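You will see two complexes here that share subunit A, one where it goes with subunit B and one where it goes with subunit C.
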Partner chain A sequence: METDLGLWVIPLAIIGGAIRVSTPFLFVSLGEALTERSGRINLGLEGTLVFGAMSGYAAAYLTGSPWLGVFAAAISGAMFGLLHGLICSLPKVNDIAVGIAMMILGMGLAFYFGKPFVQPVAPNLPSIGFGWWSDVPQVRAALQVNVLFLIGAVLAVAMWWMFRSTRVGLIVRVVGDSTDAARAMGLRPALVRICATAVGGAFAGVGGAYLSLYYPGSWNEGISSGQGLMAVALVIFARWNPLACFGAALLFGGAGALGPTLQSVGVSEGYYLFFAAPYVLTLGVLIVTSSPTRAMTGAPGELSITK
Partner chain B sequence: MRVSSPSLPATVARPLLGRAAVARRAEAVVIPVGALLVGFAIFSVFLLLQGKSPTEFLSLVYRAGFGTAFSWQNTLSRAAPLLLAALCVALPARLGLVVIGGEGAIVLGGVGAGAAAVMLAGTPAALALPLMLVCAMVIGAVWIGAVGALRHFRGVNETIASLLMAYIAIALMNHLVEGPLRDPASLNKPSTAPLDDALRIGNLPGWDVHWGLAFGVVCCVLAWVLIEKTTWGFAARIAGGNVRAAQVQGLPVGWLIVGFTALGGAFAGMAGFFEVAAVHGSANASLAGGYGYTGILIAFLARHNPLAIIPVAVLLAGFEASSGLVQRRMDLPDATVLVLQGFVFLAILISDTLFGRFKFFAPERWSTRDGN
Partner chain C sequence: MSIPPFSRRRFLSGTAALAGATAMPQLAFADGHAPLSVGFIYVGPKDDFGYNQAHAEGAAAVKAMEGVTVVEEENVAETIDVQKSMESMINFDETKLLFPTSFGYFDPHVLETAPKHPDVRFQHAAGLWSEGMPTNVGSYFGYIGMGQYLNGITAGHATTTKKIGFVAAKPIPQVLLNINSFLLGARQVDPEITCQVIFTGEWSLAVKEAEATNALADAGCDVITCHVDGPKVVMETAAGRDAYVCGYHANQSPLAPEKYLTGAEWNWAGVYTGMVQTVLDGGTIDNFVRGGLADGFIKMSPLGPAVSDASRAQFEATKAQIMAGGFAAIKGPLNDNSGNVIAAAGEGFAEDDIALESMDYLVEGVIGSTS
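Our next item is the complex of A and B:
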């Protein structure tokens, strides 16, 4: 049955788009939140995301299993995070600049090894339809939720709980707030930061696998358009709180869905400007939430961008 | 002649002479060059693992980038925008800012030059060309200067803001060249109206290299003079070393930050002007060619010294000029250059940890026996 929804199509498509587009934002921002809570910033997650997309797609194509692809993406992301963490543990090395170099290296390696995988078709990740209660096809389409999105949501809650009331969470927070205090407690700050960066890289790799294995669902060199970088800004907006990261990822996903949605209903005027909406939103959010004088609430004390 | 001053206590700084002065300066050259070689060595291992020959790679780069007069001209043409893009990173870096969105200023500067050419149709070239250049530089200055202003007055992280603004700039360019500024005759590749022949910038006399190279080299020299020989540059270096100390001294840190980022943006805008007026002949998507990103690597390799940018930019331009030949002859994907850049960039950043570690480069730590 065809229902005429009129302009209701737009909010519906944005909600559906938010769920589809937000998953990479969610994983990258959760990974970055973990890394930044330990006092490091990893700007290279854009490169990790792209390499995760490539390795996930390649592994899924070669093995026939999308979940092995996600696993491969997580492992390769952890490797990139480990490298970043080790390099930044050397004295006098600038973690922001290392992130830029890792971004270039990650994209270079992904494009280099990904060349043979542009043509083949890999199996996609499964999704669950939550729209069974509705007869309207647009509602059903919007509520096709990928399993990774649900895993990400659970992960956000788990991380929030970890930071709030577990020993591991406390260790990460102490290291992020004061290297000296952590040393006095007998912790090894460098080791904690390396681990936090490696795990953060693994999350970003999974976010990349979502891009190539579900939405848009193919591997090419233009697969990421700065999602990895926007997620870093999103963590600042979310004040390093995993639950807020989840909300922020949905908001950014919705902004990212604005361009394709308007195009699908026939709005072609200013098409490219709507595609810039997520970047403008990110910049606006950064401007509003930053402050030149007071330290940001919730910011880890050892983080170089807030000092 | 060596001045001996045995009565001075060892802690008093003496002007460094002879071997000591050379050793002090050598550190800033030896460590980056060593890191460059290490980065290339890692890349060679990478090539060997792929079953490719690093020596063949090097000889192809030499032939296509530096082997003949023709290849030199190709390399130098590519170096022109890289010089200016690297300045857009190096100038803010002297103030301690990591600005990586020069690509945005190049793109919008080019669009500004193309739009100015359309509006100035019929104006004599002697007037129209400088106006196009000014237009491109002002747009670039405003774009990157805004990053500096946001940093100082709002505390917005300049690295993230500048890269976001590069994405916004590219979206703006796509909107303008496919919409309001589109030349209806440009079917396959939406562009602004082609420049009149009178507005096309020619080559340097006797060379097949456009004027952008001369402007780029002059800008690098001027930037070096600004940083090393003027009070503004001195103030900027103090603020880059310690913002609090600079503020206590009453230095106008905010204006320095906005001024240096705006000047860097103006140079990047100039690169966009030359891309339009000397290379493409109109503004289109080719402006987003990645010069801004290669410029980041060049500035870090040159340790943000504008004079050192000149040889480093020529070297990397040679690699880019040879990438086509390397791809065809060795059957390597075009991302190979990106992989090489990534390894070299990482090696350079890791080498930062070596500064001050070698007694060889620190005359004040030489024992009196071999120091004096």
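Our next item is the complex of A and C:
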């Protein structure tokens, strides 16, 4: 059956972990990157993620189709984003405060509506095996790539291209960098931000559906251990660049696999420390790449934290 | 903290009392005495396919009893929150019998709250009541390590790689006893078997449990069990990696019908109804209650289709020995996994030996560390 790989398990597990764990980080951070590029911060994505996980699982269970589950999660995520966007368009409303309220609302609603769906088993999303070339079962298992991961990767490239060289990307960037300039161009900043927040919410919902429909693949109230919040932080780490979001999500997923894997090869002392690896890594990268002169490079000008 | 925990419920109950007792309609019997209010507090959701569900099934049995009302609260953290929940139940629901069911509630939360309410009985699961602690506190638990020992026997027969795996939450005595028992059961079949343990550090962390299960499968473990609050993720992930699974807390066979060997389950319904009946009859529950398979505190899941005849025979024979009482899974000659002697030849710790409840070692053959 399984082959004894010795220490080769570690890099393999990091790759496997990066593929398995990164998808929710990726979708939430892409959604947040879009929202923040338009000049708003949506901290509510953790709640959207959890609600997306619940609604995706419920829809998949009720319809028997995991893809309809993903669709339902995207729609419910968009609704949350829309609500956030609309409330924040009212005068003198702070987007961060609204986001925190939305986060708690999303989790509360998900727990409330999710009760009947903890027990049933919903169909899971399919994955594609890229390990056909190997006879080693561990390699095959690590290279089981879910379709949503691939979609997320394509989405990251598409968003990067959109920001760089399309009209839509330009509009979002202008609105995010200067409300006055956007108005002078005849754009409607509030509308653009509402749309960007709604689409960002839809992404986060899909990230939640990945959690409940693929990995770990079931709905319960502890499904998210703060991935939504960490992903919001990853956006700043990735300097609002979708391609960097992809890299940051992979890094985070891979580092998260380190704790369990080290224990499995016998490095069992101090596992609490290894579990902190993703956070230590984040701190390390931030310190290494920090610079007093370009601390806010890439930050949208209208963001409430940069103003 | 010297300020007593303040809760919304407590505030409401105080103001409601001012507004007049009629504000809170009380259920009453024809002869005027109010039903006994029993409170259950869970650390997680009560339908988690695991620890909390097992307790909630016991609570459901209590709910069906005559003369009893049940109040329940789930997702209560092992912090000052549980003190607030207990105070709320006592002050607002007039609860006289409380079941705070999570290990971490005991010290300091139950021990601090109990002296303030001498007329309320606190029945804590998994704690270790000892002389000198408040007398209105009781501890009860079951020898579920024996269930993991039996799990281990089916695992020992099922494994082909001679490596079995254990996803564990925290290195507390009950978890360590389960890990050790699982391996020692398997070693009754083949003394070459080793058990890889991975601690996740929390009672419920879905993604980390899935990662731990994958890491075990990568390391070659082909039978996996766990001690986390909700074993659903471990069971589904392990079965997805083509490993056999042994259940824990509740029956998880619907999650992996082909791969499920057996499982160690709690059987709280009989225990809880018995305790509530004692209180209804005006009696006192013992401060320290333990029981095993023979006492109906725990039970085993029906054996799955993958269990061989040889495995079934050894399982049933060992189960009969345990039912007869005084069975010792931890017996000498036995060392821990860093070489210290646990028990010399001829020595052993029977299932009801109190020394097992302060276990702080992993036995030889377990790959892992308690810190």
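Definition applied: the second predicted complex is superposed on the first by the 276 of 307 C-alpha atoms of A that agree within 3 Å, B and C clash if a C-alpha of one lies under 4 Å from a C-alpha of the other, contacts with A are read in each partner's own complex, and residues count from 1 in each chain.
Just so it is clear, contacts are C-beta pairs under 8 Å (C-beta built on N, C-alpha and C of every residue); 3 or more make two chains touch, one makes a residue touch a chain.
Owing to the predicted nature of the structure, the values given are computational and were not obtained by experimental measurement.
Look at A:Thr261: by the touch rule set out above, it reaches subunit C but stays clear of subunit B. Of the two partner chains, subunit B and subunit C are each touched by A:Lys115. Of the two partner chains placed by the overlay, only subunit C lies in contact with A:Gly222; subunit B stays clear of it. By the touch criterion defined above, A:Gly64 lies against neither subunit B nor subunit C after alignment on the C-alpha atoms of chain A. Residue contacts after overlaying the shared chain place A:Met230 against subunit B, while subunit C stays out of touching range. Applying the stated contact rule after C-alpha superposition, one finds that A:Gly16 touches subunit C and leaves subunit B untouched. Of the two partner chains placed around the shared chain by superposition, neither subunit B nor subunit C is touched by A:Pro126. Contacts of A:Gly270 after superposition on the shared chain: both subunit B and subunit C are touched.
Of the two partner chains, neither subunit B nor subunit C is touched by A:Gly298. Judged by the document's definition of touching, subunit A residues 111, 115, 225, 270-272, 275 lie at the interface with subunit B and also at the interface with subunit C.
Chain contact summary for the complex, subunit B toward subunit A: residues 98, 100, 150, 152-157, 159-161, 163-165, 167-168, 171-172, 174-175, 178-179, 293, 296-297, 300, 333-343, 345-346, 348-350, 352-353, 355. Those residues of subunit A lying in contact with subunit B across their complex are 43, 87, 90-94, 96-98, 100-102, 104-112, 115, 225-226, 229-230, 232-233, 236, 270-273, 275-276, 279-280, 282-283, 286-287, 290-293, 305. Looking at the complex, you find that subunit C touches subunit A at residues 44-45, 47-49, 75, 160-161, 196-201, 204-212, 214-220, 222, 230, 232-233, 236-237, 240-242, 254-255, 367-369, 371.
Those residues of subunit A that touch subunit C in the shared complex are 1-5, 9, 12-13, 16-17, 20-21, 111, 115, 118-119, 121, 138, 141-142, 211, 215-218, 220-223, 225, 227, 256-257, 259-261, 263-266, 268-272, 275.
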